[in-house]
């Protein structure tokens, strides 16, 4: 359905240099949305830009019937998004695509790159903390992003988290994949994963997703990746957004990121074609 | 309550109304069903089918341009066999006329594809995409030379008893000449335009945005070119025309019909507004009603009379 | 303070920078002078001149389309004699290189026009518009057949010692073939694209919007087509290219240069932003500087290397 | 020069069905503007609509440095104009084109069709009322327009005025040309115009301008017409906006409405080509 959702909130977060915005939409999307899905949003009633923009659902409030998205201004479309005012209505398709599997027990390791942290946060929201242990590994450019995102103190909110930044301004200096490797190499984890109890969900830039997947697979840890691809229709009709996968017989196939994704089993994704 | 007769006859192809959705933009008819019931449409056109399955081009396959969209899907499709097995049986359930779009890279491909579809195949017509490169002849598209275009259509004509829609490429010097060629070849209907060859370069990476370098331009940007071509083809041939290229609103659809299209097809606009086909149908009907036309047919080609 | 060398050599034509303004969009150089000093530009191109004065087409001559503009000015111009008397003498005062655009409807027209301009005429180059209909040969434009395009350029070559810019029409099946033809004809430089033939119909009056029915499409809408053609022509010929078609921002200019244009020309964008040529020059210079190019030349054709 | 003028006011006037708006711009335009000139305004920072929109200057306040324009929403461009908020800046070229001749004595008859009344009002502003007698003839569709325009009581403001409407809801029923004819046929005028003292300035739809011109010329009254034509550049560079004129030797010529116009001597305009 094409929904007209009401914009409850649309504001810049933190430092202007980050160009990071938060938008809250009120309407029907929240009713059926699950973490990992996305919405396809019309940024303006105009031929230029022509297409809708895909944005991940990063918060779902079924009671208030609100979903939250976070976006970074990178071009014309996201720039126009910032101009939408509160109480305006926007045209939205969604929720679209597949979501993350929600584990019922064991340990869930979230591996986030940059703004990819937000969709993963929505997973934390829905997980049963009594039965599932959650840990978040985050890597990004610098401290400013986390400050702007309001996540600098997230550990105080009970989230077990390790961070790394390229410039070392927060956490360890380096890539999140280093955090991941040292975590998986640790003894305690080995025990858990031998029980088949550890799962990884990851969201971030493509290069990172590939590295995370390879590390996980070499440790025999199942991993779900949230892919991004340029999209036109968002509903599986145009074949614009495909990724390559290998099926069980080893044949190369296409999957549509908007329909069979964006969340896919990392094992099947062919990263370099 | 409308008194406008929407029935549309394109030669032997009879549609409940003149609104069609375009090949490659409407999947296999199911993707948009939750947004826009296919049963309300005149017809839907499925993604181009080739003899063998194709993975198509690598990504990025899409680039946005001012009021336009470049795509280089590269004819990804399940191939004829899989199409007939897994998709064709579901199409009658959509309760609309189905046009199957076929694409080949040699005359043999078209022969093979045409033979596979007959009037008992549960579809309404074959749309022949002649914009693909002719691999045996230096890779120029069939649809850019009158002789090869005519030959493709004649081959399809010989091998199927379904109505044939020849889909013209706009990347030609003289569209009227191409239209005459496919008419000679035995086409029942002409559809136009396919996409215009275009390109976009990323100034950051200094590389073409599309992995395939070039792609097909569609969307509102191309509309004036499409309208011009429909207008020219209307004067050149005696067979009916399905107009397309950047139609987003009912006003655009009326423009194409005044230019000479008996039906219109909606492509890129679906991506922006999945209800576009229905919105366009409604607006078209109101336009006719307000101006006192008893049938939507009456506006076809009116721009030529004055 | 810039260290980027902006000097641009298009064969024998030397410009202080690669920014040109397009024929028909910049009058005779004076109209935009209060907004954008011509002396800051590489060159300006004046309105197309024909042997005799022309009143051009009736109005409406303009129609806006999505991200585009249709025009059917119909080559209104004062004619060669009046141009030489009243306009030519003022051009040196603009303190920039001046390109005179010539248009004919027969080979004789081009002979006549070319003879009238030589290296002592106070202009820098002749741009030969071959998009006009060849009246003696059924009205198809010279620029849509390689033979007639080559013939026009060869004629101009024979009759002037000025650098010759052959301006290609995009309304062709194979732009590379056309480029090769004008190169054979003796063109020093190729400029492209001229406008794409288009049409718009007013659904209220049910008539074409333009009095002349069809017109030329320009503006951002055509940019992907123009970039593709520049890219193809760059691979087909050895002479330099002036790229144009929908350039509105410095990013667009960079895109054309990466595709293979040694200089760029700004047309429709002037109507929206009379400072566009200067804004584009500034942005282009900064792009080169930030990436460490010592000369703007270095980015020409880079999109082909990767 | 390209000016960034500040929007001081931008609001709908009267009945929404009229789609009539008033916009006041503060900046440099007012310094040099004369009645009859126009501005070329960018309605949005977008490729669609692509072009600027020409709008007549209808009020000039040199002291406050403000110009006023009135516009009717008829398409995408004028619709976007309505969205500009107060204190935003807009990109304007102008003042452009020719203005009306401002008479120093005698009688000036203004003949307005519909929204064409506004540019003529700016003429009233600048004329020396002591030396020049001004009369306004207005014709339009109905009373609602004049009510919305706030001009229904304009006579009370000292403007000598006659009105006609198509539906007879205001003034006499019929066309403004009928008012003009009966006025010119009246005895008092004949006397004035014999003195060569009567001048007409007219603004409205093309058909009306033509009829007004013919009537004036048959009465040997000089008439200035304000033409409209679709425009691209607005500065004389594109030849998109021409009209046809006959020069003194009877040769057909083109004039650019944006440059040699929009105000032209009615005598020279060739109405049907």
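The letters A, B, C and D name the chains in turn, as written, and every chain counts its residues from 1.
One rule holds for everything that comes next: a contact is a pair of C-beta atoms (placed from the backbone, for glycine too) under 8 Å apart; a residue touches a chain by one contact, two chains touch by 3 or more.
All of these numbers come straight from a predicted model, not from anything done at the bench.
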Determine, using the mean of C-alpha atoms as each chain's centre, which chain is farthest from chain B. D
Per the C-alpha means, the centres of chain A and chain D lie apart by a whole-Å value of 58
Centroid from C-alpha atoms only, then distance chain B to chain D, rounded to Å. What do you get? 48
Using mean C-alpha positions as chain centres, tell me how far chain B is from chain C in Å, no decimals. 34
Which chain B residues reach two or more other chains? 63, 66-68, 219-221
Where in chain D do residues touch at least two different other chains? 47-48
Testing understanding: with touching defined as stated, what is the shape of the graph linking the protein chains, line, ring, star, complete or other? complete
Which stretch or stretches of chain C touch chain D in the complex? 24-27, 31-32, 34-35, 47, 55-56, 58-64, 66-69, 71, 73, 76, 219-221, 248, 268, 270-275
In the complex, chain A residues that touch chain D: 46-48
Complex contact set, residues of chain B against chain D: 66-67, 220
Would you pull the chain B residues touching chain C in the complex into a rising list? 63, 65-68, 70, 140, 144-145, 171-174, 196-201, 203, 205-208, 213-214, 217, 219-225, 227-228, 231, 246, 251, 254-255, 258-259, 287, 299, 302-303, 306
Taking the touch rule as given, give the residues of chain D at its contact with chain C in the complex, in rising order. 1-2, 42, 47-52, 91, 93, 229-244, 252-254, 259, 273
